[in-house]
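In the two complexes that follow, chain A is the common piece, with chain B as its partner first and chain C second.
Showing the complex of A and B:
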């Protein structure tokens, strides 16, 4: 049994090495558009991973996660455009501001579960969206904030590519450490049996709130990166459909797996881009594909692969 | 002649024939060498809430391009070149629009970009255009920021903007005897900008202007009762609105029941074909409609030619959106012919200050050099039944010239300097 685990672990490291190597070397040979797509994938993947801390690990379906993404973007834009602060300070501050929003929203919603949690997070998300949409003097309303200045060096796609890549790697490493810690295990325990954890004397509520805030923090990084790469930010980023899209990525990739949300982000981003080149009706094709994938792979793509691997493993 | 000689003759005959043919085809290829087509990238919301309007303006654009291609293409220094259109759908989302714009520039290697029906899309793509030094031509997004504070060398617009619309309406009403005005506008940036433009315009031209009520229904409102009663109780003489699409239709249908239009002059911005056609006989007579191009058929020969070409293509008559698309394509073609190239810097220089003829009542449109904003005039008319058509048409149509409603170049430049400070 331990041999099997050892073998799996080795294989995992090998795959990690191959994919990292692939992405590190990509700017050497890939056309520029691929870099832009990869940047988007890194950002969306980070966003999806942050959501999975709530959706997958804590088992709480959040439909308002995009508001932290938007807050990250707006925080960056407002700090840089209105307060004329340097971009790196904006990037540093944005996740903390998102985290602050997560403290407030989490404080009220984290006690609930299931559909009630989904609706409350969606409601809070919509409030944030409405503020961004209506506060013309501060957020530009639905005209958003455009022309966000960033350092000239970051305007080179290769440089931004590595920035986004490093942000993703560092963030996912931190998320992984958090998930594997006693704290992360407690979150899973709460998901599996909230009452039992409560009776064992742990403060469930504190754990869940902290988890929620960490997730908001990383969504803020993703949002700030998106504002940087687009040089613009719009209220749309925080609309509930944007939250639903990222939920879909997690489910498609597999909420039970660490890399699942990343896989979902890659697939949705690429499909969205390449199908839309060929047809106006790309949303329909995307919809059909998703229905088929979810019907035949209820555990998501990563869940499906894991299941297959376990079946093939003798003695597993 | 022996069999061998016969065969030798046949073989050599075939050889000579094919060699000549090959040589000839090589020669003709070298001589004709067709020029590569000009590629125009279109970022447009062809799916989603406004897809109908977006498709109308896209088809209008296509009619002009088809016209040019049928004539052999557009004249450049190197000869006639065909025009190819590559459309990308942005689902009304600004971030997808940015990605589409990048993909069109990098993957499709388009010569320049056009499109965007929503202001957020136009503003977002405008940033990509600025950074990539790629021309971006807009006609349907109306935010005055696009060519105002956030304008730059690479962005152009061939329609009016929110500022001009409001001031045009104000210019029309300054000599009318009405003093009590109420406004109802959709509660988002577009409605806010239209409100500001009209109120500021009225205040500057009509000292006795009184704003008796302002209403802000959200986009997609289905029950306008509270707004209708609020407007009625404020007793305005004129109600001005920038509502559009189903919102405007629902409002008119519901307000009819209150005798609203008997008591109040209703002025609807852009209530032209996109509204008159679906409303059909349910429309109300004698309401003011502002539109850049009212429906007239057959009208002038140019007018008829465009209407027929459009109808042949899509099966229905064009709206002012389609004419906007047609105008935009006319500008671009004229610019390429003037510059003789699609090299963007030369093309931009050629487009600055360019004038085209249009089938709209404004007759001519000019792109102002300083801010790349057009002086497209708007028309105002009153709805009336017409036995020839299943929809209402406009009577007493008056043109409100665009140029006097534009902010001065100095004002624009001051605003841009403040924005970029």
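Showing the complex of A and C:
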């Protein structure tokens, strides 16, 4: 058994090295359009990974996660456009503002589970959306905020590509460390048996809230990056369909695996990009994809692969 | 504000409230009994509206045709969604909530594009049946007769569902199945079909809501997404699964919106959110709901 794990671990490091190498070298040969697509994928992947801290690790179905994404974007835009702060301060501050929102929303919703949690997070997400959508003097209303100034160097796609890539790598490393820590294991324990964790003397509520806030923090980074690359931000980033889309990415990739949400983000972003060229009815295809996925592959792609691998391992 | 202005505003608020109630009542029923969130509810409402548009046109916009449409169109839509329930939703009741949430979202996306494929991108309007093309007079004020009919239908549907749930043996079975699935099954009741029936009833209410709105609103695929979110807000304010709560919540939302528009016209639909914020902060479990706090 330990040999199997050892072998899998080695294989995992090899794959990590290959993919990282591929993405590091990509700007050398890839056309500019691919770089833009890759930047989008990095941002969305980070967003999906932050959701998986709640959805996969804590097992709580959040349907309002896009709210932190939008808050991150708006925080960046407002700090840079209205307060005329430099972009890097905006990028630094945005996740903390998202985290603050997560404290407030988490305070109310984290006591609930299942469908009640989904409804409450979605409700708060929609409130944030409605505020962004209507408060013209502060958030620009449904026109959003456009023409956000960013440093000239970041306007080169290669530079922005590396910025987004480094942000993704650093953030996922931090998320990985958090997940493997005693804290991260406690979150999983709460998912599996809340009562037992309570009786072992741990404050379940504090752990879940902190987990929720960390997830909001990373969603804020993704949102700020998105506002930066588009140089604009709109209320619809935070609409509930945006939350549903990121939930889909996590489920598609597989919530039980660390790379699952990233895989889902890559697939959905690529599909959306290429299918919407050929048809107006992209939503129909997405809907059918969801139905097929949940019917036949509820563990997601990574869950499916893991299952196959386990079957093929001798003695496992 | 004079008395007559107040009355006019009140009546228009009441009309809005009844539309909200018709959209939300089906979801309330589904949430209360099946304990699932059905995102497709807005899509059912939209399909109900489009389907009755087609039938009203087919019957040449007569009075007779209108009543026939009200009988046929919602049933067709309901039948379709019962099939969806049996094949796509039924097997996930006992699984983590996320699967049904995402599944119904997928169904919503499919219905959305189905509607755009079948009825096109241009906004449609169904003709008003001739018998409703006159005003209704109360206290010397003139009010569209159809709106009065809609208000009446809202209350009718409310009492209809209330009666089914609380005063019939079917309702008893539904409540029993909602309360304890296994025990009900042990008594020889086919619980999966009870659930299908409840889902169908919920779908039928949303579809008839759509059919009733068809002659007075522009129909587009987007109305489904909008209706979905309205149903969601009403249900959150009401407390999950409470039918009287849904009626009260719709009433509050409709009236707050009707009178709020006079003061702050730019806010419009955001008034619903305002009500939701207040309720979520003061009573996070809704007006009529029970607290479900887990330590």
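Just so we're on the same page, the second predicted complex is superposed on the first by the 315 of 316 C-alpha atoms of A that agree within 3 Å, B and C clash if a C-alpha of one lies under 4 Å from a C-alpha of the other, contacts with A are read in each partner's own complex, and residues count from 1 in each chain.
Please note the rule applied: a contact is a pair of C-beta atoms (placed from the backbone, for glycine too) under 8 Å apart; a residue touches a chain by one contact, two chains touch by 3 or more.
Since the model is a prediction, treat every value here as computed from it, not as a measurement.
Colleague: Using the touch definition from the top, say if A:111 reaches chain B (first), chain C (second), both or neither.
Modeller: After superposition on chain A, A:111 lies in contact with chain C alone.
Colleague: Quick one: chain B or chain C, who's touching more of chain A?
Modeller: Touched residues of chain A are more numerous for C.
Colleague: Taking the superposition as given, does A:291 touch the first partner, chain B, the second, chain C, both, or neither?
Modeller: Touch partner of A:291: chain C, not chain B.
Colleague: Kindly classify A:40 by the partners it touches after superposition: chain B alone (first), chain C alone (second), both, or neither?
Modeller: first
Colleague: Touching A:158, do we find chain B (first), chain C (second), both, or neither?
Modeller: In the superposition, A:158 touches no partner, neither chain B nor chain C.
Colleague: Kindly classify A:133 by the partners it touches after superposition: chain B alone (first), chain C alone (second), both, or neither?
Modeller: After superposing on A, A:133 lies in contact with both chain B and chain C.
Colleague: Just checking: does A:192 make contact with chain B only, chain C only, both, or neither of them? Give me first, second, both or neither.
Modeller: Touch partners of A:192: none, neither chain B nor chain C.
Colleague: Looking at A:147 after the superposition, I want to know if it touches chain B, chain C, both of them or none. Which is it: first, second, both, neither?
Modeller: Only chain B is touched by A:147; chain C is not.
Colleague: So in the superposed three-chain picture, is A:276 touching just chain B, just chain C, both, or none of them (first/second/both/neither)?
Modeller: first
Colleague: If we overlay the two complexes on their shared chain A, which of chain B and chain C does A:231 touch? Say first, second, both or neither.
Modeller: first
Colleague: Counting contacts the way the document defines them, which residues of chain A are shared by the two interfaces, the one with chain B and the one with chain C?
Modeller: After superposing on chain A, chain A residues 133-134, 136, 280-281, 283 contact both chain B and chain C.
Colleague: If we count contacts the way the header does, which residues on chain A are in touch with chain B in the complex?
Modeller: Residues in contact with chain B: 31-33, 36-37, 40, 133-134, 136, 140-144, 146-147, 155, 226, 230-232, 234, 236-237, 272-273, 276-277, 280-283.
Colleague: Quick check on the complex: what are the chain B residues that touch chain A?
Modeller: So the residues of chain B touching chain A come out as 46-47, 87-89, 91, 93-96, 98-100, 102-103, 106-107, 119-120, 123-124, 126-127, 130-131, 143, 145, 150, 187-190, 192, 419-420.
Colleague: Under the touch definition given earlier, write down the residues of chain C that touch chain A in their complex.
Modeller: Going by the criterion above, the answer is residues 31, 35-37, 39, 88, 92, 95-99, 101-103, 105-110, 112-114, 116-117, 225, 229, 232-233, 235-236, 240, 266-267, 270, 273, 276-277, 280-281, 284, 292-295.
Colleague: Given the complex with chain C, which residues does chain A contribute to the contact?
Modeller: Interface residues on the chain A side: 55, 59, 61, 63, 108, 111-116, 118-120, 122-124, 126-127, 130, 133-134, 136, 194, 198, 204-205, 240-241, 244, 247-248, 251, 280-281, 283-284, 286-291, 294-295, 298.
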